Structures are given as C-alpha cells and as structure tokens.
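Each of the two complexes below includes chain A, the first together with chain B, the second together with chain C.
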Partner chain A sequence: MLQLLLFNVTNGLIIGAFYVLMALGLSLILNLSGVINFAHGGFLVLGGYLAYTLTPFLGFWGALIVAPLLTAAIGVVIEQTLIRRLYGRDPLYSLLLTFGLAYIFEDVTRYIWGAQGLPVTIPAFLGRPVSPTLFFITYYRLFMVAVAAAVVLFLFLLLRHSRVGVRIRAGTLDLETVSTLGVNVGRLRTFNFALGIFLAGLSGVLAGGQLGLDSTMGAGLLMPSFIAIIIGGVGSLPGTLVGGLLIGVASGVTAVFFPSASEAVMYVLMALVLLARPRGLMGEEGLMT
Partner chain B sequence: MRESGRTHPAVLAAIWVVLLLAPTWLGLVGGYTALGARVLVLGLAAMSLNFLLGFTGVLSFGHAAWFGLGAYGTGLTLKFLAASTPLSLLAGTLLGGALGAALGALIAHRRGIYFAMVTIAFGQVFYYIAYRWNALTGGDDGLRGFSRQPLAIGPWRIDIVANGVAFYYFVLVCFAAAVAIMALLLRSPFGHTLVAIRENERRARFLGIPVEFHIWLAFALSCVFISFAGGLYALLNNFADPNNLHYSLSGDLVIMAVLGGMRSFWGPLLGAALFVVLQDYVSSLTTNWMSFVGLLFVLVVLFFPRGLLGVLRGKSPA
Partner chain C sequence: MTEALTVQGLHTYYDKSHILHGVDLAVAEGTITALLGRNGAGKTTTLRSVVGLTPPRAGRVAVFGQETTRWPPFRVAARGVGYVPEGRRIFPNLTVEENLKVPRGRRGAWDIARIYELFPRLGERRGNRGRQLSGGEQEMLAIARALLLNPRLLILDEPSQGLAPLVVREVFRIVTRMRAEGMSVLLVEQNVRMGLAIADHAFVLDNGAVVYSGPARELAADQARVEALAGATAEGWSGDATRAPRLSG
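Presenting the complex of A and B:
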C-alpha cells in the first residue's frame, strides 16, 4: 500500500511537472497578450511529431532542442499573420481563432503523421529503472522532472534579471505604460509568444518519449493546464507552478483510492479554491477579474 | 435598443413561414427533415448562449456542459424513470438549469477571460463524469437504450416516434415556446438591464443595479434554455454521448452565434443553420472536415467578426 501510494505521489509529481511546463507557456501568453491560446495543445503535439521526424537525423538530444525551436518558429509565423491582428480586441475573437487553429492542428498532424500512436525514441539508458526497489522510476522520468525544473529555473531567472524579462513582467501589469516608455510592445509580445510556444513544443517532445504521440493528446492536456492557471491565480507564474504540481499530486493520490475520479479531483480542487479564494492561490486582487 | 427584440414584422413572418414549411422544401434542396430538426435544436442552443454572450456581454465558453446535461437528464429519465417525452424533457431542463444556477453562483463575479476559462474548465467536469461513470451513462459509448415516446394530449395520441415530420413539428413548437419566452425576457426591464450591463458595467453599478445578481440570473436562465435544447437533442437522436458535453461543442456554439451575428436575436439561428449544413456537407465529402471547420473559425474572426446579420445591417462593431 505504501509502495503504491509512493508510486502515485511520485507519478503525480512527474505529471505535475509536465503540466507546469505546459501551463507556464499558456500563462505567459495569457498574462502579456490577454490571449487564451486554445491551440497550445496543438503546438505541443506538433513539437512531439517534429521530434519524432528529426530523431533519426539528429538523435534524441538534437531533436530535444531543435523541435521546440521549430515549433516556436511556426508559432511566430502564426502570431505575426493571425493572432497579432486581434490584440486589444474582445478576447472572444482570439479565443475563437485559436480554437479554430486547434481544429486545424489536430487534423493536419493526423494527415501528416497518421492516426496511429507514434513513440519518440529515447536513448536506451534513459528507459531503465533507477533501482529494483524503485522499479517504477525510470531515468527518463527523472530526466523529465530535471528538464522541467531547469526550464522553470531558467524562466524565473530570465523574468527576474534580464531586460526582456523585466519588460514582460512590467507589460503584464501595465502594457500601456511600458509602451509609452519606448518599448516595442509588438516585438515583446512576439518574443513572449515564442517563449510560450517553445515550452509547449518541449512538453510535446518530453511527452512523446513517455506516452507516445497521437494527434488528439493536445486537447486532453490543455484542460489540466487551464486548471493549474486558475488554481494558481491568473496573472501569477509562481501560482501556475504551484497549481500544476498540486493537481498532479492530487490526481496521482486519487488514482490510488478512486481511479475513476482522478480527473474529477482537479475540478473539485478548482471549485474549492474558487470558493475560498476567488482570485486563486497566488493571484493578484483585481488583476484579470 | 433595436437589438432587444424588435425584428421587422415582415422578416419575422418570413422566418416562421420558412420554419413551418421546412419539411416540404428541405427535400427539394437535398436536405432531410432530421437535418431541419438538428438546425432548430442547435439554433435554440446557440440562441440560449447568445442570451448571455450577445445580450449580457458575458463570455461563457463552456455551455456545452449544460446542453449535454439536458441531453443526459432527458435520456436517463426516459430510460430509468418515466416513459414520457414531456416529463423527461422537463427533468433534463431542470437538471442542467439547477446545476448551471449552482455553478453560476460561484463564477458570476468573474469577468472576461477569467470567466471564459472558468466556464470552460467547469464544463469539462461533466464531460469526465459522463465519460467515466460507465454504469449509469454508458461511458464513451454514450447513453443508449431509450426512445422518445408518443405524445398524449387529452384523447389524442401523436406519433412522434416513427413519424419524422411530426417530430419536426414537435421540436418547432418547443423551439417557438422557448424563443418566445426569451424574447419576452429581453424586452422586459430585466432584459434592458442586461443590455445596460453589457454596454457599461460601471455605469450600471453606479445606478444601483445589482450587477452580480443580474449576471447570475442571466447565466442560470441561459442554462435552463440550453438544457431544454439539449433535451430535445437527446429526443432527436434517441442517444446522448459525452461529446454533447465536450468543450469543442461549446466552441461550435459560440462560432454559430458569432457567424450569424451576436447582436441580433435571430443571428445565432442563421449561424447554426449555416454551420450544421456546412459540417454535414463537408464531412460527407472529406475525412479532413476538421480543417474546414477550423478554417471557418479563422475566416469568421478575421473577416466577419460582426456576423452575417451584422454585416447586412452595416452597424458599427461593438
């Protein structure tokens, strides 16, 4: 029993780390541009499939870097041609646009790579368990957590100490003032969007190595990211981090006792947070309400 | 406030004539009666959503949940409780309406993007419940094993089970009743208050209007209407499945409202008609229909943000 519980808590943390990666990307874009990117799951799947295609040429490590960069580049093209036109308009329109893009992504990835699930090939040593007693923890799982932790650390350092990071944070609070101070807001938003999509692509590669890929997986992973953001508080990246880990562990633990409720528990958690603290755990009062 | 319900009498008459005669002309243009009923039901759903989206200015993106609850409530009642079409429809409407009212209380003070996110996320709860609760809902396969029942009005029995045309008229009567109530609500002082909140929430608040209460009530009413539509949908198909609750249907309903014109009462019906017919047609031609639907979303947002009726009227965008 204890072993099972330990297994599921660990598993929950790993899944949580994964939700965090995806939700942070969504959160970045939402905070600065006010766009709920429904196509985020689509970008994730695209990143995974690009890695699948690139692995034979670049190996896993090359694909791990190049696939997310390519995904981000595609993201920039879409931001420049479509999403940019909708900044400042009613959020309804960017929602609908990215919603339509999600449909197109799912269909196009299925058209190109087929409906059959495909795995991203990982190096053999990563597939081994860490020890016979802890048979359920493979090196790959540890690797996923390590990558997620490194990315989170990098992101927070970037936002705290780099010039562009400070501008992103300032823009989240008051974009108009940032613009008045002479910052090119358009370029800032594009960089920020690319950063968010890079995280989606990276999540896709990591997920591909663990779960395999199929064109519908993006939609399934989108909702937990939403919940992570709402629980943590819209507008707060640390909140998103906490929210993602929380729902990961909560659904992991629930899977031990009541497997069929492992999704529902996230929503219960969200309802409780909204009841007790409507702005989310770490959300700012008045922001994005 | 032309938008709060004053459609030109001639236009109004034309709409009803077209709807009344649908079983005759649908066949001539390559349609079928069940398609007409589908348009009516999804049109009613889109109009219910637009009660909130277009007239109250609240962005709910999870309305499929209430639609699906209406469908499951109706189906489960027919299957386990009572072999009566009106009773099951009432039960479905109450189920969706009550749960919508309860959750609405939790989110009525949220706005804009936050409101949209919370409604999407909460909507998915019911999807997972329907998907996972195999014993009751049939899980992924959907709820089967129920059928709409003949209507008994006094001494008369109307066969809406096998007779598709009779069922179309049953749906049309239900549609007319719901739409009439919706129009009356929008014309009432309550409806004008909703439009006032949409136009300028702060001013409405300063006028002493309890904004949160009005938004909650509009949300709850919208849930009641759309659950009713969901119940009709279950009767139409004699089937309910988890996709009736999924957020992709919510998105489809929003695009129907926007495509037809959010600022007009009848716009969502037009949008639903176009969407349903297009989807029916494209999916008969190609398996890649999702790309076409996605493209429709993109094109509408970029080129028809005011919808077809908005373009026809030439009014300025909101």
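Presenting the complex of A and C:
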C-alpha cells in the first residue's frame, strides 16, 4: 500500500513537472502578449517527433538540446507570420488562430510521422530502476525531474537577473512604457514566445522518452496546464510552478484511493482554490509580479 | 538654429474622435518649453504623438532635424528622446534597481551609479518595489529611467501631479539642472505658475490647437491669462487674446 502510494506520488510529481514546463511556457506568452496559446500542445508533440528523427544522427543528448531549439525556431516563424498580426486585438482572435493551429499541428505530425505511436530511444542506463525495492523509479524519471527543475531554475534566474528578463516582467504589466524606454517590444515578444515554445519542445522530448510519441499527446497536457495557471494565479510564474506540482501530486494520490477521480480532482482543486482565493494562490503578489 | 523638436500640423485621433487639429510647436535646443492648457486640450495626446505611442494621422514630427513621424516608440527613444509619462507609470512589480534596468539607451554620461548620485533616495531604496515608493520617489524614478536613455530631449507630462510643494520644487530643480547640462526639455504642466517660472518659452493648447506661443516670461506677466489657465478655463484664449502660433523653420 505504501509502495503504491509512493509510486503514485512519484508519478504525480513527474506528471506535475510536465504540467509545470507546459504551463510556464503558456504563462510567459499569455502574460506578455495576451495570447492564449492553444497550439502549445502541438509544439510539445513537434518537439518529441523532431527528437525521434534527430536521435539517429545526434544521439539522445544531442536531440534533447537540438529538438527544442528547432521547435522554438518554428515557433518564431509562426509568431512572425501569423500570431504577431493579432497582438493588441481581442484575445478571441489569437485564441481562434492557435486553436486552428493545434489541429493543423496534429494532422501535420500524423502526416509526416504516421498515426502509430513511436518511441524516443533513451540511453540504456537511464532505463534502469534506481533500486529493486523502488523498481518503479528509473533513472530516467529522476533525470526528467532534474532537467525540469534545472530549466525552471534557469528561467527564474533569467527573469530575475538578466536585462531581457527584467524587461519581460516589466512588459507584463506595462508594455507601452517599456517601448518608450527604447525597447523593441516586437522583438521582446518574439524572444519571449520562443522561450515558451522551447519549454514545450523540451517537455515533448522528455515525455517521448518515457511514454513514447503520439500525435494527440499534447492535447491531453494542455488542459491541466491551464488549470495549473489558474490555480497558481494568472500572471504569477511561481504560482504556475506551485499549481502544476499541486495538481500532478493531487491526481497521483487520488489514483491510489479513487482511480476514476484522478482526472476530476484537478477541477475540484481549481474550484476550491477559486472559492477561497478568486485570483489564484499567488495571483496577487507572487515573486514575479 | 537647430530645433530639438519640430511639430507641424499634427492631426491625431483616438479611434474616430479627432483630438489634435493641426498642432504646431517647437522646442529650441537647450531650452525648457512649457506646454500648457486646460484638461482635455490635447497636451498628453501631443506628447504621445511625438514619442510614437499614438501616431498622428497627418502632420510631421522631427527630432533634431530627423523626421520621426510614425516611428515606433523605441526608435524615437533611440534617437534621444526621454519620456516621463503622466502618472509616472513606474513598474510596480519591479524593484527600483530593476526599474532602472529596463531602459535600453544610447551610451552616454548617465548610468545607474550616476543616477544614485543625483537621487540618493533611490539608491537607499534600490531593493524596494515600485509600488512601495512615495509619489515623489516614483516621480524621481520615472525621471531617472528616462535619463538612462541619455536623452537630448526630455519630455515630461505633469511631473508635479499629486506631489507635495516641497517635492515639486525638487523636481523642478532637477529639470532646470538638465537644461544646464545642455538638455532640451518639453514640459506639460498643470501648475502654470511654477511651469512658467522655469520655462523659456510657452505654448498654450486649446481644443487640440495652439492658441498662444511666446516667451514664458511674457505669459507669466499676463495675470489675466495665467489665472484663466490656472483656473482651467479656456475663455481667456478666445477673441482678441488669441495670437497666431509663432513658428520657426
């Protein structure tokens, strides 16, 4: 029983780490550009498939770095040609656009890589369990959590200490004033978009190594990521971090006692948080806002 | 003589409402020029058109002889225009130090160390968030932020708004000091008497057009007009009192 609980808590943490990576990217883009990026899951899938294609040439480690960068580059092209045109309009426009893009992504990946699931090959030593008693914890799972933690730490340091990070945080509240201070906000938005898409691509590669690839996997991660943002409080990146981990663990724990409710629990959690704090856990005064 | 700023025939709209009806004004290099007028006369809109936030539909803006009409704000800033907006608009979520990291300016005499020399109070509060500052400190921070662009033209929109008289004097002392350093200043001010006291030249705007242009001292001496302005009415500017805007260039 304890082992089952531990198994599901670990599982929840790992899933939570994916929610966090996804949700942080979504949050970045939403905060600075006011775009609710429904295509975010599509970028995740793209990152995973690119890694699948690149692994024979670059190996797992090369693909782990290059695939997210390529995904971000494709993100920049889409931002420059399509999404940028809708900045400053009613968010409904960009929502419709990215919603459509999500479908296009799904079909394009299916067209290129086929409808059947594909594996991302990971180095053999990462596939081993850490110990016989904790057979369900492989080194790969630890590795995923470590990478996610390192990336989140890097992102927060970037936003806190670099000039571009400070400008992104300033732009979140008052982009107009940022522009009068000599900052090319168009470029700032593009960089920020690329940053968010990089996180999605990276999640795709990591998830592919654990679960294999499937052209619909992004859609399943998208809704929980939005919930993570709402629970944490829109506008607060630390809130998004807490929200993602919270719903991951909550659904992991619920899976032990009441498996059929493990999906529903995040909605219940969201409802409870919103009842107690309508602005989310850290929506008012997080570390970032 | 070079003009720091030349504005000709500016027509600016917010959506369909026509705000500026052909504004002409100029800021001579190295001077403080006051832009006065009652609420809703179009002062802020004029500034927004100049810095690129609300591009004019017609007319021309030139900064030190370089046409900048409809340039995006960041290019206008890079050209050497520092803008201190109405209500200060400091970033409340960022610390003082972080607020000062946002500007992306030309290289020059102003850096963060020198800012802390001019505004010791900001140095003391460098770790405090913008929202924790007093109104006066926020105004200092907004000016400091603009100075980090190493501007040649400094544009201030109602810097005295909501500040205690002592703080207002401090702000005006800094503005005159910038002129002494060779900067040109365009100042929008509700506090007509204090604005005129430091200005070299004055423009008065009403209903989106310039209704007076002349030396600040001359306007300050005209009690009736000053009172009309300070009383936020436009009556002093109708009829014979109206003068054609004096334009150079």
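Keep this in mind: the second predicted complex is superposed on the first by the 284 of 289 C-alpha atoms of A that agree within 3 Å, B and C clash if a C-alpha of one lies under 4 Å from a C-alpha of the other, contacts with A are read in each partner's own complex, and residues count from 1 in each chain.
Everything that follows uses one rule, which is that contacts are C-beta pairs under 8 Å (C-beta built on N, C-alpha and C of every residue); 3 or more make two chains touch, one makes a residue touch a chain.
Keep in mind it's a predicted model, so treat the numbers as computed, not measured.
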Clash or fit, chain B versus chain C on superposed chain A: fit
Partner chain in contact with A:V242 - chain B first, chain C second, else both or neither: neither
Touching partner for A:L173 - first (chain B), second (chain C), both, neither: second
Partner chain(s) touched by A:V108 [first = chain B, second = chain C, both, neither]: first
Cα-centre angle that chain B and chain C span when viewed from chain A, reported as a multiple of 10 degrees: 90
Partner with the higher number of touched chain A residues, chain C or chain B: B
Which superposed partner A:L199 touches (first chain B, second chain C, both, neither): neither
Partner chain in contact with A:V185 - chain B first, chain C second, else both or neither: second
Touching partner for A:G100 - first (chain B), second (chain C), both, neither: first
Minimum Cα separation, chain C to chain B, after superposition on A (Å): 11
Common interface positions of chain A, toward chain B and toward chain C: 288-289
Residues of chain A defined as touching chain B within the complex: 30, 34, 36, 38, 82, 85-86, 89-93, 95-97, 99-108, 111, 219, 223, 226-227, 229-230, 234, 260-261, 263-264, 267, 270-271, 274-275, 278, 288-289
Residue ranges of chain C in contact with chain A within the complex: 51-53, 72-74, 76-78, 83, 85, 89, 91-94, 98-99, 101-105, 145-146, 149
Chain A to chain C touching residues, read off their complex: 163, 166-167, 169-170, 172-174, 176-186, 288-289
For the chain B and chain A complex, residues of the former touching the latter: 53, 59, 61, 106-107, 109-114, 116-118, 120-122, 124-125, 128-129, 132-133, 247-248, 251, 254-255, 258, 288, 290-291, 293-298, 300-302, 305, 318
